[in-house]
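Both complexes shown next keep chain A, but they swap its partner, so chain B is in the first and chain C is in the second.
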Partner chain A sequence: MTESNGSQRSVGDSPPRVDGTGKVTGAALYVDDLPVPGAWHGRTVRSTVPHGILRAIRLDADFDWSQVVVVTAEDIPGRNLITLIVDDQPALVPLGGTIRHVEEAVAVVVAPTRAAALEASRHVTLEVDALPSIHDLDAALAAAVRLHGDDNVQKRLEIHRDDADIDAVLAACDHVVEGVYTTGAQEQMYIETQGMVARWEDGRCHVVGSLQCPYYVHTALKPLLALGDDEVIVGQAVTGGGFGGKEEYPSMLAAHAALASLKTGRPVKLIYDRGEDIAVTTKRHPARVRHRLGLRADGTLVAADVDVLIDGGAYVTLSPVVLSRAILHATGPYRIPHVRVVGRSMATNTPPHGAFRGFGAPQTTFAYERQMAKAAVRVGMDPIAFRRHNLLRDGDTTATGQVLSGSVGSDAVVDALEQALEAEPPTPATRFGTLSAPVRRGRGLAVCFHGAGFTGSGEARLMGRATVAALPTGGFEVRSSSTDIGQGALTIFTQIAAQALGVDPVHVHIAQASTDRVPDSGPTVASRTCMVVGRVVEQAATALRERLETWGRSASSAAPAASTASTASAPPTAPTPAPGTAAGAGAHDVLALARRHLDQVGEVAETRTYEPPAGVAWDDDTYTGSAYPVFGWAACLVDLAVDEDSLEVTVERCLHAIDVGRAIHPRIVKGQIEGGTLQALGWALWESVPYADGRVANPSMTDCIIPTSSDAPELETILVEVPYAYGPHGAKGVGEIPMDGPAAAVASALEQALGVACDELPLLPEVLQRLVAQGGAASIGASS
Partner chain B sequence: MTEWIRPPSLDEALAARREHPDFMLLAGGTDLMVGAIARPAPVGVIDLFGLPELSGVSRDPAGGLRLGAGTTFAALLTDDAVRTELPALWAAAREVGALQIQARATLGGNIGTSSPVGDSLPVLLALDAEVEVASSRGTRRLAYDEFCTGYRTHALGGDELIVAVHFPADIGRRVQAWRKVGTRRAQSISKVMFAASVERGADGTVTLARLAFGAVREQPIRALAGEQCLAGETPDAALAEAVAAAVLTDIAPIDDVRSTADYRRTVAGRLARRFVLSLA
Partner chain C sequence: MKLRLTLNGTARQLDVHPMRRLLDVLRADLALTGSKEGCGEGECGACTVLIDGEPVNSCLVPVAQAADHEVVTVEHLADEALMSDVQAALVEFGGTQCGICTPGIAVCATVALEREPDASRERLRELLAGNLCRCTGYQLIIDALADAQAARAAAARGHGAERGTGHPGATAS
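Entry: the complex of A and B
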């Protein structure tokens, strides 16, 4: 691990974001802001039924089509496929092909203006032989309609901690806690809707868009367009949020824009409006988790038997890996000797569900933390003491047989939470308005972990690369395909590289994430950008500095007179010796060395590839081994009040202590945690995506609501730092873990407040009213 | 292309209205601009926003408050007379959208849209408001509960404009209440709205009762059965239960993407009960 000289210290500070000024002033160009002279605009024509055979695409004979181009599957030069895990999803449904969900793309109409394209799209009609369709887990399980194999199971995964008969083990336990936990779809609601621009030049297809993973799009476009690696160039525009929603779906927009541009011979812009974006893009998987927990009378956990069902939607997309993360988190951060977990991803005639912050873990975390809350009550233990009694600690073994070794912050986050509880709580926000009712109050707790980086052998397969180069124009450039989607990647990479190089951060530039300019660092997902790619950036920067210093030492002995120009280019900060400067090499900082090297020898760059730490081994066949290189740990406490008349919930306090290894930029890290926590509270209390016959029923920001700042409590975020030896400066993943715990804490607090089991999400007031009406709490709503 | 008229005076606005009865009236745009892309473009627009003769709070000859139809909710919130004499309307104005919406949205626009979830509309019912409408033929006033005729419909003539809203001179004497139960704290569409006002006799009996709801029927409504139950009585816990039961016969809520009929019915009853309890 590199700790550079103090004067260039940046890691651990919170400097202004490098992209902040551009975004605040409006100078930043999001995809729809990019000037694209001569561009036409695309509008996607979609199915009108959730399941059927496409027979014909009809163009209204009375409409003027002279200024419109219609793109269909027949215009695809390569394979009609959005390449991902399984080759099942077409870019455009061909004639005679099967429509599997109601938002499935059939054609793209292209016209000189967006309004003209929209109008033209209304004059396209489809002839479809409708088929019976299925829209939920029960219908998928019944398999009266078969969408995938004989049983609609897109993927089945199992974990078996041991060979014991789990039913027999449970039968022998003093207590068995059993519950069924259902969670709903959730919309990412990034502030910028999805958009893509495509153009062709010299036989090469150039695509720029709002996206997380340029190389995913690159991989998808090559076979579709029958082009080679260098013939498809995918770049990221400034991107207004992703949360997983721009992980896989941008490949679909890119496919449509590229085909439209190919056929029109013009650049084509494809920008979704909000209604379309909500209706068609991926959501968090709805899930149902049946969880049985066996324990001894003293509160010691003995066995867990978990059945996980997720609704994958009409195509496989990323569901197998979402399912994998779901089951790998299904027993939580607890010592449980006997474990069986079975997970299935089911096919339905619903637009595919996909990546969303947490990636399966929030669904199973909700289940196991509700179980822990109930188990603590059952054995009569304090909720915190109960968790302490069972928490995984350094040296303990997880459900997959992974022996935890280093950076285990389980006790540290609970300690931090308990310390914070001793302090004076902030004054809770009082409800505005007249005619307020009495409230019921409750407190809920959640403790959880989240595996950082790709699951299993994923990181070893990805071999993420990053380059740090000295620029001819002075300064250094970091080249990686990790994108800044608002989470601060540009700023933390700048900090990490600057500190490793020993230069002021103003001399570090991050290259645009475009496939012709940066190596494949792997996707911007899975809480891996800082921990995995940041580490590679640090290694590349360190290697570059060492190479320059080595050269400087030999060059200065050969040619001791340094040019005046390199002296003049010293950074504006106080002159200090460069890190690691060998005695006798002179007071050359790395910046000056790089300048001299460029003048005398030429360009210089170092590329490094991620190598998993020794001992991280995973067996995909048996689902055993090191599921993740390391885990983040979190403890969340929620105090809330419920209005007795309306059952509206006010979150009065939300404490969240999270072990992040090391905060490279504490303010950004806290921002990530606060945003993720509020997103989790939203999933628990307000956010609902109802479907009607497989179609999103509330596709607008008016109805598909997320919490506002008025709904948010004063979030109390506590950074806990238990360093990870293989992360940059000890950092580990933080992007997703805040999403995992709060929903269970909310549900347990509501259970305490209302006296009814709260085992489903979202816990809208309407749901609470139903639960209260069904389950006692007779005094709610009575005169008081 | 849509023709856009922005008349500089009320006379010119009325002339434009007479000439173009098919043009859309735009008072602030906070409702009409939502979903404008999905609707066919209007033939034309008469933009009334900021028309000086429609803006501001004054007192009519009878001594009642007269609120110009073009007055924004932001302007209502800074008016002392509104805050002290119409506290229910003031409270409703505070829960319209957010600051940006309040700066554009107008009372007249809310009335013109005539949505069952219009935030100010139950207050107009509970406070016996009258709507003043004008045309080049003259002006007329009608009670708001006659003006609003159904789901997004009202009694405005094809050549008329909503000019102002009038309140009774002694409205400030009434006990007023307002509660919006929305999808969230702010920027929210109502699931149930409740507005009420009463006058009390010296002995505490309710001498006048107005109970109104929004979002529980196809239009904002007065809960007449509830009012009858309350009027002439002395509020106590038993009366609260009786009024809560009575208002259920006045409302007919539905299931939609924002809530359920069951929830709306349950909450409407509880809000009425809470109001009566607050008088006890």
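Entry: the complex of A and C
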């Protein structure tokens, strides 16, 4: 079958996913598939107003509560907070406490069946003294209602490239291009809703769920439950997509499930239905970016002044780091000598916004690439030539003063895009024939970069660890907390470890990401799993093979009395060995050595800790230095057609060239890029999350749509490989960058097609109709 | 109420409330958890099963409607083999990522390829449009189905062993 692959298959090949068979046959167990004997089911009771003081929780006296347990803040044994960056969000609002958004959790009702829990939840009413509330950036800025400090600013961050007076510099430019770019919330819409199972055993709390970051949940549960490190065990079930949506919110579900299990003395399942999931979980931050760009008549960029506002929602959660990534990407992959960027995350009475693929960068990328499109028109240059004229290249300096050194794929991705354009398009341009009216066509371009790994000093702080061990049952096991959420972590770690060990991939097993079994590798976010943790896996596997080989050479009889585990940190200065060199000694040798070692000495494992490459220094106070260890680079081109009557848009062609460093598994990389690209097209054209008084107005899949296979164009993906010396085999992050560019390309194509500025997302037909009406373009959208 | 149906080739008698969702009966009573609930309102297709060969969203079907009919779930697509050719192609071509939509895709695609063996890529997209996937952008799913289609066509012409793009699942069904 598909998993009986040969030993030649490894890095750079595309073997079948190791988890593929279970997924296509239905055998894979997601959280709601896990058999949990005796489990009761939880349902969360939430506020009905966006802002107020909770006075009472009333249980309907006529309802039969004999088979229901109600969990409130009073049942929390420890600290009533969800630990994250700023500990401001309660797990359950206590009596007398402040409700800050309409979906805020107040109680959890627990009953023998899901239906009974839902029914019981309808018989709980809240008494709340309502307060005035604010729901958008303008209201937050006006600060008539103060939710955070005096000005509702949750976080303010600034970048100053130099001391120049940016207004004076702009005033002296030949051209100044100015625009305001607004983007809406976006729902991750993983097809598996969030879910968690908790149970207590021997005084320890065991949690399994749909999640990206087991140690985030672990960190949040310990103070909430007043338990120690070893008393909370958090594991990942097979997870049906995350895209950032399962980065931090699972801590909330885990808190509720654990408290419910504690009070009932039973295992508790807490599985959100789709309506609840859309309404309450985090979304991409709505944003407004004001961008001023100064340039010379010859098209040379001189200055950028960018003001970034994001709607953080009711609690701080991850907004400071989303804002950080937003401003660090705000001037794009271009040489601009004078830069000022100011970013603010604003508090509103909206459910907190959070991580979604791209993490702030898509919002600012939309702004700067729309600016570049306008600037090219202004100076009369071809869009590609204009970008080439200003692109960052090896040795250039970014807005934070980072000198780019190595793996700079800016030209390579533009070259690849141009080559693909010179070739014939692989599919006919008119795919669907559904456009009834005359159509207008447009072409849009976007070039962008995306910092891989944690921002600034993040990776140095995280010190992600991974272990590779020889198993008593034969073969090897990789232990890391990096989760497979569909992106292929299990498969690429198998490939990387197998190649470093010099064994067939069938001899490598990846341990379940459970905090009692794996070290903390850092979270599964920020395009870091392959590049950062993959490298640590490679180092641990290499160290284990070398240790076994050394032992084998020196100890035909006398085995070394060394400890059975090593936790040395390998210096990160040595580039990755060339592919294939590790396998030289022969697979049998390492496998046989491991078996002999187990028999004669005992278990053997190697753990390694990530160290950023030398020279990656970042100053959080001045926001200067190396913002990221390396960047990915991308060029995207969109051809589209707009129906003149209905203003429906059909994407006819979407080309995406992305520098991934090295593709460990080209097909998985292609799948990552294509999935991210379609999410970006969806964000640009179809996906809308309107709010009404702080509440999501379309909490269902029927109304909150994502693209279908019929909406999607044939996606043309070009993998460009400019190797990164400190990634495994040259690989660097790829998870997020496909999300960044396509929306700007779509908007620029629509601007070309319709002759009106398209500076907001999503560009729904009704939005286009308004823009066309405002822009006075005759004969378009007339009948709609 | 008691009802009879044929489930994955086996005659079964169930004692269930007639208005329970077929999806819940499959998952909770019969431990067939391959069919997934993504939305509960017939939008996402993750719960797709076959009733008399017709793909349906089992979250919208009261179990009574399956009485005296033949129900096939993802667990039975390959009969005795581990995977059907369609399932194997989805694995081989990267048509599954997080995998939560994959059972529904596999069920729907099985019918699509049987009914329209010559469907174009564009037609395949229409046939799959009731099954949402958030991971792949659909490209590799369509690639997988196109390959399975080509393999069947080649096998029908008697050239099954000479498949150009051959994937290892070709012999599975």
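Keep this in mind: the second predicted complex is superposed on the first by the 730 of 784 C-alpha atoms of A that agree within 3 Å, B and C clash if a C-alpha of one lies under 4 Å from a C-alpha of the other, contacts with A are read in each partner's own complex, and residues count from 1 in each chain.
In this section, a residue touches a chain if its C-beta (ideal position, glycine included) is under 8 Å from a C-beta of that chain, and two chains touch if they have at least 3 such contacts.
The shown structure was predicted, so the numbers you read here are calculated from the model rather than taken from an experiment.
Q: Quick one: classify A:678 as touching chain B (first), chain C (second), both or neither.
A: second
Q: Classify the contacts of A:714 with the two partner chains as first (chain B alone), second (chain C alone), both, or neither.
A: Touch partner of A:714: chain C, not chain B.
Q: Is A:28 contacted by the first partner chain B, the second partner chain C, both or neither?
A: Touch partner of A:28: chain C, not chain B.
Q: Between chain B (first) and chain C (second), which does A:240 come into contact with in this model arrangement: first, second, both, or neither?
A: second
Q: Of the partners chain B and chain C, which touch A:670 in the superposed model: first, second, both, neither?
A: second
Q: Specify the partner with more touching residues on chain A, choosing between chain B and chain C.
A: Ranking chain B and chain C by residues of chain A touched puts C first.
Q: Applying the document's definition of touch, where does A:488 land relative to chain B and chain C: first, second, both, or neither?
A: second
Q: If we overlay the two complexes on their shared chain A, which of chain B and chain C does A:261 touch? Say first, second, both or neither.
A: neither
Q: I'd like to know which partner A:697 touches here: chain B for first, chain C for second, both or neither.
A: In the superposed model, A:697 contacts chain B only, not chain C.
Q: One more residue to check, A:186. First (chain B), second (chain C), both or neither?
A: A:186 sits against neither chain B nor chain C.
Q: For chain A, what residues appear in both contact lists, the one with chain B and the one with chain C?
A: Overlap of chain B and chain C footprints on chain A: residues 273, 432, 700, 702, 708, 710.
Q: Going by the contact rule set out above, which residues of chain B touch chain A in the complex?
A: 34-35, 37-38, 87-88, 91, 94-95, 98, 177-181, 183-189, 191-192, 194, 237, 240-241, 257-260, 262-263, 266-267, 270-271, 273-275, 277-278
Q: Please give the residue numbers of chain C that touch chain A in the complex, ascending.
A: 27, 31-41, 43-44, 46, 73-75, 77-78, 82-83, 87-88, 90-94, 96-103, 106, 121-122, 124-126, 128-142, 167-169, 172
Q: Quick check: in the complex, which residue numbers of chain A touch chain C?
A: 1-2, 4, 14, 16-17, 19-30, 32-33, 35, 188-193, 238-243, 273-274, 427, 431-432, 485-488, 667-668, 670-671, 674-679, 700-702, 706, 708-710, 712, 714-715, 717
Q: Note which residues of chain A are touching chain B in the complex, please.
A: 118, 273, 275, 432-437, 644-646, 648, 686, 690, 697-698, 700, 702-703, 705, 707-708, 710-711, 765-766, 769-770, 781, 783
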